[in-house]
Amino acid sequence: MGVGGHTLEKKRTTIVLFSGDYDKAMAAYIIANGAAAYDHEVTIFHTFWGINALRKQEPVAVKKGFLEKMFAKMMPKGAEKLGLSKMQMLGMGPKMIKHVMNKHNALTLTQLIEMAQEQDIKLVTCTMTMDLLGLEKEELLDGIEYAGVAAYLADAEDGNVNLFI
Amino acid sequence: MGVGGHTLEKKRTTIVLFSGDYDKAMAAYIIANGAAAYDHEVTIFHTFWGINALRKQEPVAVKKGFLEKMFAKMMPKGAEKLGLSKMQMLGMGPKMIKHVMNKHNALTLTQLIEMAQEQDIKLVTCTMTMDLLGLEKEELLDGIEYAGVAAYLADAEDGNVNLFI
Amino acid sequence: MGVGGHTLEKKRTTIVLFSGDYDKAMAAYIIANGAAAYDHEVTIFHTFWGINALRKQEPVAVKKGFLEKMFAKMMPKGAEKLGLSKMQMLGMGPKMIKHVMNKHNALTLTQLIEMAQEQDIKLVTCTMTMDLLGLEKEELLDGIEYAGVAAYLADAEDGNVNLFI
């Protein structure tokens, strides 16, 4: 609505990615990349299980307590290790989905995350969850920001599209 | 904010229905029908498992490859075949819920979808998901629109209520 | 956008809490309490399984039919009885999470709900769901409002942050 001397403000899309499911993370990143292509300012705020999409796939040596080691072991290590929200079928579901995605030349979640970084989508990780699950910054992809609920709200409250996924 | 000669713009509600659960689809259609009754322009954008709510219940003869046939078989055929997000209990949950819904004269999901169509709610299906899961237009209800993430964003970015369900 | 004599309108956050998972309810109440701290008017509209977070933990004597008794028995009785959306692991997951939460001095869901009430966050329960599941007001916490989808939309349509959790 920029009139007169005002600069035209960008539209804004802010997504909370709470889920650690491959299909839900794909949906989040497809919407985010689409919005960035339409010139929105886009933030994805990763919280709870959503952080697993940003874990590095190779093991990182970090000193941890017992429970933190347990969590680190039990949670999926990176985007391509996430399961599906439906039709998990003892791990067969994700393989089938990736097979058809490959056949249709659809981007994998890893590629969608790379595209998001190339499009300057702000990828934020919730510091409270990092603390709770005992995750360290070295274990996550490079180029991630770290913040809490206040930073999320600052992005969201003036947003056009706010989603919780 | 219609001022002067401008016509008063309608409020807008845009829902992404990602989930293929009966209860979540019900929630989406109850909010959508409510918003339409309050004179919002309403869009439900069905993606991933949310498309199953729009499948015809009777079998439709369509030529498919092996994986596409598998998906078609494994996914619920239409609104009344969807499961619950909670208390599935080997299929007993949906029956109990439908029993109490019937007792309280609550609308079924099928009826809520019909009401949505009567209220001119725009029902859109994600073309990318159709491709991935090998679904054909003949297999879905009549009167559905087909579009991608760009069309979703165009509806959502000026919206008042945006939800991801 | 308060100009001239107009008072500055408060920002508004409206959350539909559909889920009955401990972690999702925590996320909802953390965002809600954050928004209230930043002076938003905040509503949490509890529907479907989200109502279980507001059930009293002690049993309440209420006359019920057979199905309503079944639902009451099978659904978690109050905030601290909710399960996790992920890593439920036969009940071990919630215990692990609560153990690390305690270690990090994080607030429990019960404490987050108390804080929400102290911050005048409007906690609303969906009357349609109450009917369907056969729940009575005596079974829920005090200070809750009861309303339907129309009241939700009235809060949501002028909101800045709308989420479905």
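Worth a mention:
Letters A, B and C mark the chains in the order given here, with residues in each chain numbered from 1 onward.
Heads up, the rule we're going with is that contacts are C-beta pairs under 8 Å (C-beta built on N, C-alpha and C of every residue); 3 or more make two chains touch, one makes a residue touch a chain.
Keep in mind it's a predicted model, so treat the numbers as computed, not measured.
A complete topology is adopted by the chain contact network, contact being made between every pair of chains. Chain C is reached from chain A by a rotation of 120°, derived from superposing Cα atoms (nearest 5).
If each chain is reduced to the centroid of its CA atoms, chain B and chain C end up 25 Å from each other.
The set of chain C residues touching two or more other chains comprises 162-164.
On the chain A side of its complex with chain B, the touching residues are 11, 13, 23-24, 27, 30-31, 34-35, 38, 40, 85-87, 96-97, 99-101, 103-104, 106, 160-165.
Remark: chain C residues 16, 18-20, 47-49, 67-68, 70-71, 74-75, 128, 131-134, 149-150, 152-153, 156-159, 162-164 touch chain B in the complex.
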